[in-house]
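All remarks here apply to the structure that follows.
Read from first to last, the chains carry the letters A, B, C and D; within each, the first residue is number 1.
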Amino acid sequence: MTYEATVIDQERLTADVFVLTLDCPAIAKEAEPGQFVQVKTSNLLRRPFAVMDLDRAKGTIRLGIHQVGKGTNELSQKRPGDTLSLLGPFGTGFSLAEAKRVIVVGGGSGIFPLLHLAKQAKRQALPLTSILGFQSRERSFLADDFKDLSDDLILSSESGDMGLTGYVTQGLQAYLEDLSEPTSSQTILYSCGPIAMLEAVVSLAKAHHIKSYVSLEVRMGCGYGVCRGCPVDVYKGDTIERVRCCVEGPVFSGETVVFDSLRGEV
Amino acid sequence: MSQLNVMIHHTTFRNPILGASGTVGFGRELSRLFDVSTIGGLVSKAVTPQPRRGNFAPRIAETAQGMLNAVGLENPGLEQFKREVLADFSELNCRRIVNLAAGSIEEYVDLARELREADIDGLELNLSCPNVKDGLSFGSDPKQIEGLMSRVRRVSDKPVWVKLTPNVTSITDCAKAAEAGGADGISLINTLLGMAIDIRSRRPILKNNTGGLSGPAIKPIALRMVHEVYQAVSIPVIGLGGIRCAEDVIEFMLAGASLVQVGTLILSDPATFFELPRELDKLADRLGVTQITQLIGQLKTW
Amino acid sequence: MSQLNVMIHHTTFRNPILGASGTVGFGRELSRLFDVSTIGGLVSKAVTPQPRRGNFAPRIAETAQGMLNAVGLENPGLEQFKREVLADFSELNCRRIVNLAAGSIEEYVDLARELREADIDGLELNLSCPNVKDGLSFGSDPKQIEGLMSRVRRVSDKPVWVKLTPNVTSITDCAKAAEAGGADGISLINTLLGMAIDIRSRRPILKNNTGGLSGPAIKPIALRMVHEVYQAVSIPVIGLGGIRCAEDVIEFMLAGASLVQVGTLILSDPATFFELPRELDKLADRLGVTQITQLIGQLKTW
Amino acid sequence: MTYEATVIDQERLTADVFVLTLDCPAIAKEAEPGQFVQVKTSNLLRRPFAVMDLDRAKGTIRLGIHQVGKGTNELSQKRPGDTLSLLGPFGTGFSLAEAKRVIVVGGGSGIFPLLHLAKQAKRQALPLTSILGFQSRERSFLADDFKDLSDDLILSSESGDMGLTGYVTQGLQAYLEDLSEPTSSQTILYSCGPIAMLEAVVSLAKAHHIKSYVSLEVRMGCGYGVCRGCPVDVYKGDTIERVRCCVEGPVFSGETVVFDSLRGEV
């Protein structure tokens, strides 16, 4: 589970988003969509990142990284030939087992894990709708990749200079309202993004009787289950159970997540 | 090859390196990934009388060479621990210590009594949790520590370590009280109470507002306390706080620790933790130390 | 441009950033190299009744994001301070606080009395030095703190800040005692007692064996204590411990500090210290804070 | 006093000694032999290094660095184009004012500051004897530079595979015993190295009535006088005075240093 990965490529997507391609056959072999790796920086705790993409044949994985602080800034300095220590892959990812049609809904850096999932859906020939939200055209990324994979692509931007104006949830709402009854029962929605967005997405999905899965970003100590630093409250029937985001998650059935318990997480 | 084994209160540890409470769970995840027979032992997550859900997220905040945690003693509680966890924990191929936390002396005594027959190598009483009854921390009042320890002593023949909080004026008073109460060892230090703030939301990062500081940042404080306590008591000291490498282990042993525990390191670098005994062996060799126990308390103060 | 000035006990500080005792000497070296009119003030090295030579070298040891110092209050003593240092110190173009340390209540009172007429903006009583007489630290006994402060109060009209040691079980008890004794402000925190060990020589690195831990490593502890004390007293809190940037300053102010002090940073990056007020201004602007005092104590706990 | 210097060159002299050439005109202009700079690494405190050499015209300085720990290991990774933050130059250096003849005695990394001094002596056309001690030939450095500058060069090695066998003090002792009375009164000895070596050097110099100056390495907090972290005890007449290594030193008149006060420093 501990690997020394070599940086193969560093590609900048926007002013504060970049992609690292890493040589790491062991993780490339195993990682499922929605699983994540723990990356070492000069800070004390590792940083969790979803495996955004992988190439089993080449033995490479790609991480999409949003620069938000010390650790991600340091990672943005990595260049081909540098090495990185990784733990993983960890967590319970997305499952396409029950899906006949797929909607992915992503906001900001929540878009990264969805690429891996979208590719999987494509491989399984599942009809795919991608609904992605950005701040503006300038800050958008991966839209072309999703375009190639999706039957339907709905973009939105808060600034209004790309696609629909407003939050990603508006795109979703419009889409869901157009959806016919029989379709919705075969459709599963997968989402990742800020907690507030996920809460809205889940409630829209519920309103339209669509099953949803969300990937949560909770601050983590270990990432592999020993510290209980990453609690997520989920409904199990009538009771609430507290489970670990890093092992039982990060992907949870949307309806079961007690979002109120997560105020304070981003 | 140096001799790494350490014997205290008739228990032999194959080496002095244990995993600290709260950072190894109940051993399940680690024993699946690593060979626990390379380390001296594991100290379980705290077990409390009743199940505890702990605090809401966020429970973790990073600081300069440290971290704050406010897990809030999440654990399944004694009954479920005995029913569903203890058997696996007992089977670990290393020394197994169960960490106990409670809100009153009676509860600690109950916990110890209930584990009297358990197949484990000892108990560690975590005295850092705030006593809700009278607003005082058990861990900061020597009289309570002695009373508590002597009551536990009466119900259990297992080795009992008392784990002290560093948030006190005199750590030696607390340690002496534990010894007077019949403790077999003193574990120190637990975490220092701290806070981290997000200036944008103007909120503490931790939902619990405050949390316990661990990691390399606290090592100098831990070393000082181990040194002080080693001189004040004659029972073994188990040292911890910020250990990351074999040099750190030796520093703690020179200061007076018979055994050490490793906490925060396990979260970020579990493989390094499991390699520590080997690194310690190599370093001891380089230093010409044939028996690791020769280091204990050998600090020469100026 | 935000308003950075802060007024406490009728003294206006042009901004809330001061240099901490022991890391600015008596201002001479810094004022030669930098323009002290950019900062809020400087707190002098501790002045003691008699000259003190301090400890032998080594006095400094580095730790993970921290440092230990055991300078041992080296200073020229009150007489020479008044004769040779005070005039220059008084001329500094910023607020000038004299830090005082002594071994008994009488000595503190004498020091304060002797500086009654000095052209300075206040006194800071450093209560962290061990009281050799009865083995207790002044700083850890609320009764002594109150007694000391009320005696000093009677002999001096200058603003008096009491600087507390964090090596105590209850920082709020100490702060409340200082307030009850008539203090005008509470400075916290001083250093945490720690130790560093050289495994080859098997000796403490510091000749004094132990030393005071400062720097970013201790910031979480300092923030927690400032927050606790802010809620416990109604006099201003002066916060310090590990501050390195404008974000840190704002964290301390949100936790309850009216002013902050910067220590260890000045040793490694004096220029950064003198740029801090400007950085604070910029950050306050970005956060939409027009008056820096609007931040004081505005932490919203969960 | 704060400068951003660019690394021009990194040259390895032995397995654990290297030289950094830095572009830093302000320090190149000012630094006297024996003065030092405070170099920033990722550690909390800066690291003090003597200015080993400088080129005023080019605006460059050279630092000779012995890798002994975290900070010096980090510096060994610096490459041309990297930048370093420096404070300085600090301290009271060596003075050649009273010297008619010069002996420099250096052990290990104490040799670095002596190069700057030797060059100055050469420029002032002062007769120069250099006595340098190393562990072995393989671990020796700068011997050729000193050869070019010195009228006399005495090398020693502990392993015995270069020059005299044993400590540098043995070379010094042999040299001093050969020295004629009139020469010694015009001669000044300058030394830098481990405390124990300096103590021995000073006592040899005293025995031969030669004035000595030594440069001391004491652990420092600031390097510029504010923290009192670097005490050195010196005799002033009958009393002992405690002064700062970083301001009143690092160079002190050998006879005045109270070496007993420095046990525990390297």
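Keep this in mind: a contact is a pair of C-beta atoms (placed from the backbone, for glycine too) under 8 Å apart; a residue touches a chain by one contact, two chains touch by 3 or more.
In this text, all values refer to a predicted model and were calculated from it rather than measured experimentally.
*Asks:* Within the chain touch network, how many edges lie on the shortest path between chain A and chain D?
*Replies:* When the steps are counted carefully, the minimum from chain A to chain D is 3.
*Asks:* Quick one: chain A and chain B, Cα centre-to-centre, how many Å?
*Replies:* Computed value for the inter-centroid distance: 36 Å.
*Asks:* Centroid from C-alpha atoms only, then distance chain B to chain C, rounded to Å. What do you get?
*Replies:* Each chain's C-alpha centroid was found; their separation is 33 Å.
*Asks:* Mind checking the centre-to-centre distance between chain A and chain C? Centres are C-alpha means, answer in whole Å.
*Replies:* Roughly 47 Å, centre to centre.
*Asks:* At least two other chains touched by the same residue of chain D: list those residues.
*Replies:* Counting only residues that touch two or more other chains, chain D contributes 264.
*Asks:* Quick check on chain B: which residues sit in contact with 2+ other chains?
*Replies:* 65-66, 203, 207, 215-216, 302
*Asks:* If each protein chain is taken as a node and each touching pair as an edge, is the resulting graph a line, ring, star, complete or other?
*Replies:* line
*Asks:* State which pairs of chains touch, listing all of them.
*Replies:* Applying the touch criterion to every chain pair yields A-B, B-C, C-D.
*Asks:* For the complex, give me every residue of chain C touching chain B.
*Replies:* On the chain C side, the touching residues are 63-66, 68, 137, 140, 167-169, 192-197, 199-204, 206-210, 213, 215-221, 223-224, 227, 242, 247, 250-251, 254-255, 287, 298-302.
*Asks:* So in the complex, which bits of chain D are touching chain C?
*Replies:* That would be residues 1-2, 38, 40, 43-46, 87, 218-222, 224-232, 242, 245, 247, 261-265 of chain D.
*Asks:* What part of chain C is in contact with chain D in the complex they form?
*Replies:* Interface residues on the chain C side: 22-25, 29-30, 33, 45, 53-62, 65-67, 69, 71, 74, 203, 205, 207, 215-216, 264, 266-271.
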